[in-house]
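Below, each structure is written out as C-alpha cells.
One chain, chain A, appears in both complexes that follow, with chain B as partner in the first and chain C in the second.
And then the complex of A and B:
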C-alpha cells in the first residue's frame, strides 16, 4: 500500500464513522430515555421532618448528626418593604429532632410569614461536582441522575466545596462523600424515593419528565416552577413551586 | 572535629602557647555545645513529628474521639491541613522562583543563596504533597488521581500532574546544580562522602548549563502548577475566591513567601554553623530585602483592591457578606492583626527603615513576620472562603481547630525543619566550596 492508497482508505473511513455515529444518535432519540425530576411544592410542606428520617434510615446516614442527604429549611419572615429591612429567621431540620416544634420557633413564627423548603441534591445537568472530581467518582446515569462511586472516591472533598447548594457532604462513617441519589436503588425497582413516600402532604412528587402522563409533567405544565440559584447555570432537576425570594441557596 | 590541641608549638613562648591552646579548647567546647544542640534539636523535632503522626492517625481512624466530636469539621470541608498544604506549595513555588532569579535569569547577586533556595523548595514540596496525601479521607486510594480514573476536566487532576512533574524537574535540576560540588565532596569521609559517591554514579558534563536549562523548565512548571492551584479555588462560585485574578494573586504571594523563606533558611543555616553573614551573602540578603519589600507592596495593592471591589455596594449581596467575614466577622482578628499588621505592614516598615533593613537580623525578623502573616493568610483564604457555605443543613461554622489538626500541623512543620537540616548536613551546601 502506498501513501495515496493509505490516504484514500482514511478518507473512505471517515464518512463511514460519521454515518455510524449519526445512526447511533438516531437510535438514542428514538428510544426515549427516562429523565427523572422531582417537583417540590413549597406551599404543601409543613416541616414535619418525616422525609429526613425516612431518608436517613433508608440510606444509612447517622440520624443524630446534623448532616443529611435531604433537609428542611424553615423560614420565618417579618416582611417589610423594601425587603432589606425585613427580619428573616432561619432554622434547619436535619436530624430526628424537629426544631420547628421548639417554643422559640412557634412563638416567633406565629405572626410572621413562615414557610418550609425541603432541599436535596439538585442532580444538575451541568453538575459542578462532576466537573471537579479528579477521579471521576461522580457521574451521570442515563436518566440524568448524578451518582457517587464510593469505591473510587478519594475523599478530597473538592465536590463539597464546589457544590453551590451544599447538598453533598462527607459521610462520617464511610469517609467518602455522599449525597442524595434519588434513591436510585429503589427507583430502579419501580419504587418511589423514600422521602416521597414518607411525605404526608404530597409536597414532593417524583417522576419521569419525558412521560407526558406522569404527575411531574402535569405539575410542570400547570404551575410556574423555579430552581435554586438559576444564575449558576447548573440546570437542576429539582423544581420548586412557590419558592420565595428569601431562599437564596 | 580534632579532639586535642596542637602541641607542636612547644618551642613558642609559653604565653602564646597558652593562648593557642585556650582558643582551641574554646573551639572544641563550642563544637561540643553545637553538637549537643543539634542532637537535642533533632530529638525535639522527631518528638513533634511523632505526636503529629498520632494526630493524623486519630484524624483517620478516630480511636480516641468518636465522630460526634468532629461535627464542626463537617461544616468546613477544607480545613487547616489544606491551608498548610497551600502554604507549603506557595513556599516551594516562591523559593523556586527566587532561586531561579539567581540561577536562570542572571540576577548574579542572588547566586550565593541559590542552594538554600533549591533545597528548601524540594523539602517544602515533598512535605506539602505529603500533607495533602494524608489529608484526603481515603489515603490508600490517593494514587487514583494519577492513574486509572482521571478526569481531565478537573482542575485538581491538573494540579497533581503539574506538581508531580515539578518535583521531577526540581530533583533533576538540583542534581545538575550540585554535581560539581558533589564531586569535591566525594573525598570527605562519613555519610557525606557516601551520599556524594552514590549521587555521582551517573556522570555528567557541562552541569551548570544543564542546570540552567532545566531550571527554566522547573520554574515554568512551578508557575503553571501554582497558578493552576489558584484556579482550583477560583473556578468555584464562592464569592471570596471566584475570579480570574486568584491565580495571579497566588503567584504574587508565592514570591513574598519565597523571598522571606530564603532569608530565614540562609540566616538559620549560617547561625547554626556559626558563620557571620557578610560579603556576597550579605549582598544577596539585601537583594532579597528589595524583592520582599517590592512584592509586599504589590500584595498590599492587590489585597486592597480585591477587598474594595468585593465589598463595594454594587457587588452582589453574597460577595459583600463574604467580605464581612474578614472585616468584622470570625476571621477579623486573623485578617487585620495577623495578615495586615504582622504579615504586610510591620515587615514593610522594618524593611524600609535603613537602620533595620541594612542589618541581616532586621531582614530576618521582617521575613519571619511575613511568613507568619502568610501562614494566616492561607488559613483565611481556605477556611474563610468556605465560612459562609452551608453544607446539608449544618449551621454556619465557627473558626474552631481540632487539637489533632494542630499537632499534625506542628508535625509537618517539624518535619520540614528536620529534612532541611538533614539536607543541609548531607549536601555540599558550604559557600566556601
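And then the complex of A and C:
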C-alpha cells in the first residue's frame, strides 16, 4: 500500500466513524428519555406511617427493626426569635409502631408547630455512595435511579458513611447494604412505588420529569421546591415542597 | 546464573501483574457492567405485593359509586397488599380491619394534621367508627 492509498483509506474511515458516533448518540437520547423524580409535599404529610409499612412489606425489610428504606421524621417546634432558641422535639417513625400516636407526642404536638417530613434515598445525580463503592456494586440505571448490586456488594459500609442523608443501611438478614430503589420492579411494570400508593393524602408524587404533562412536572412548575442538603452538591431526585429550615439533613 | 534468575523472576512478576491488571480493569464483570445489567434483571424479576387501584375497580366498581371522602385514597392504603387477593379472590387474602385504631392511625387528633378531619379519644370512646361512618361513602 503506498502513501496515497493509505490516506484515501483514512479519509474514507473518518465519515464512517462520525456516522456510527451519531447513531450511538441517537440511541442514548432515546434510552435516557425518562428521568424519574419524587415530589413530596410536606404540608400534606400527616405522619400516619402507611408508607413505611407498605415499603417494608413490598421490599422484604423486617417490620420491627428501627431501620427502613423510607421513614418519617416528626418535628414539633416551640418557635422563638431568634430561631436558634426554639425548642425542637424530633421523633422518627421507622417501624410499624407509630410514635406519633403516643401520649407524650399527642400532648406536646397539639400546641406547637408540628410537621412531618418523609425521607428516603434521594437518588442523587452525583451520588456519594456510587463514588465511594470500591467494588462498583452501586450504579445508575438509564433512568437515573441508583441501585445496589447485592451480589457484588461486600458489605464494607463505605456507602453508609458517605451518604449525607443516612438513607442506606446494612440489611440484617442479607448482610449487604440495602436502600430505596424507587420500587424499580414496580415502576418498570407501570405501577407506582409502594409508598406513593399507600399515602392516603397524596403527599408523595412520583413521575417522569422529562414528560411535560406528568404530575411532577406540573408540581415543579407551580411550586417552590427545595432539596435536602444542597451544599453537598449531590443534586437529589427527591424534591420537597414547603420544607422548613429546622429540617437540616 | 543468579542475574538470569532475577531477570526471569522480574519478567514473571510483570506478566502476572499485567494479566491481573487487564482482567480487573478490562474484562471483569464489574467493569464491563455485566454484573450490573444482571442485577437489573434480578431486580425486575421481583414480584410486586401491592397491586393498583385500577385493578381493584375491575371487580369492586360498585364501591366507588358515590364515594366522596376517601375517593383519592388508594384501596391498599387501608386494605394492605392485594396481589394475592387479585389471584385467589377470596375474603381471607385481603385485610379488613374494622378496629378503632385502624381509623385513628390517620384520624387521631395530633399536631400537624390540618388537611384531614380529625377526632380525639373523647368522641364516643369504645364504639367502632364503622358503626356510624361508612369508609366507602
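The rule we apply is simple: the second predicted complex is superposed on the first by the 220 of 249 C-alpha atoms of A that agree within 3 Å, B and C clash if a C-alpha of one lies under 4 Å from a C-alpha of the other, contacts with A are read in each partner's own complex, and residues count from 1 in each chain.
The criterion applied here is as follows: a residue touches a chain if its C-beta (ideal position, glycine included) is under 8 Å from a C-beta of that chain, and two chains touch if they have at least 3 such contacts.
In this text, all values refer to a predicted model and were calculated from it rather than measured experimentally.
By the document's definition of touching, both partners, chain B and chain C, reach A:136. By the touch criterion stated above, A:128 is placed in contact with chain B alone, chain C being left untouched. Once the two complexes are laid over each other on the shared chain, residue contacts for A:152 go to chain B and to chain C alike. Look at A:202: by the touch rule set out above, it reaches chain C but stays clear of chain B. Applying the stated contact rule after C-alpha superposition, one finds that A:227 touches neither chain B nor chain C. In the superposition on chain A, contact is made by A:164 with chain B only, not with chain C. In the superposed pair of complexes, A:88 makes contact with neither chain B nor chain C. Of the two partner chains placed around the shared chain by superposition, chain C is the only one that A:47 touches, whereas chain B remains out of contact. Contacts of chain A with chain B, set against its contacts with chain C after fitting on chain A, overlap at residues 135-137, 152.
Interface of chain A with chain C (complex): residues 43-50, 54, 57-58, 74, 76, 98, 100-101, 105-106, 108-116, 135-137, 139, 141, 147, 149-152, 181, 183-186, 188-189, 191-192, 194, 197-202.
By the touch criterion given at the top, residues 60, 67-68, 70-71, 74, 77-78, 136-138, 141-142, 144-145, 148-151, 153-157, 160, 232, 235-238, 317-318, 386, 389-395 of chain B touch chain A in their complex. Against chain B, the residues of chain A that register as touching in their complex are 62, 64-69, 71-73, 92-94, 119, 128, 131-137, 152-158, 160-162, 164, 166-170, 172-173, 175-176, 232, 248-249. Within the complex formed with chain A, the residues of chain C that make contact are 30-31, 33, 35-36, 38-40, 42-53, 70, 72-74, 76-78, 80-81, 104-106, 108-116.
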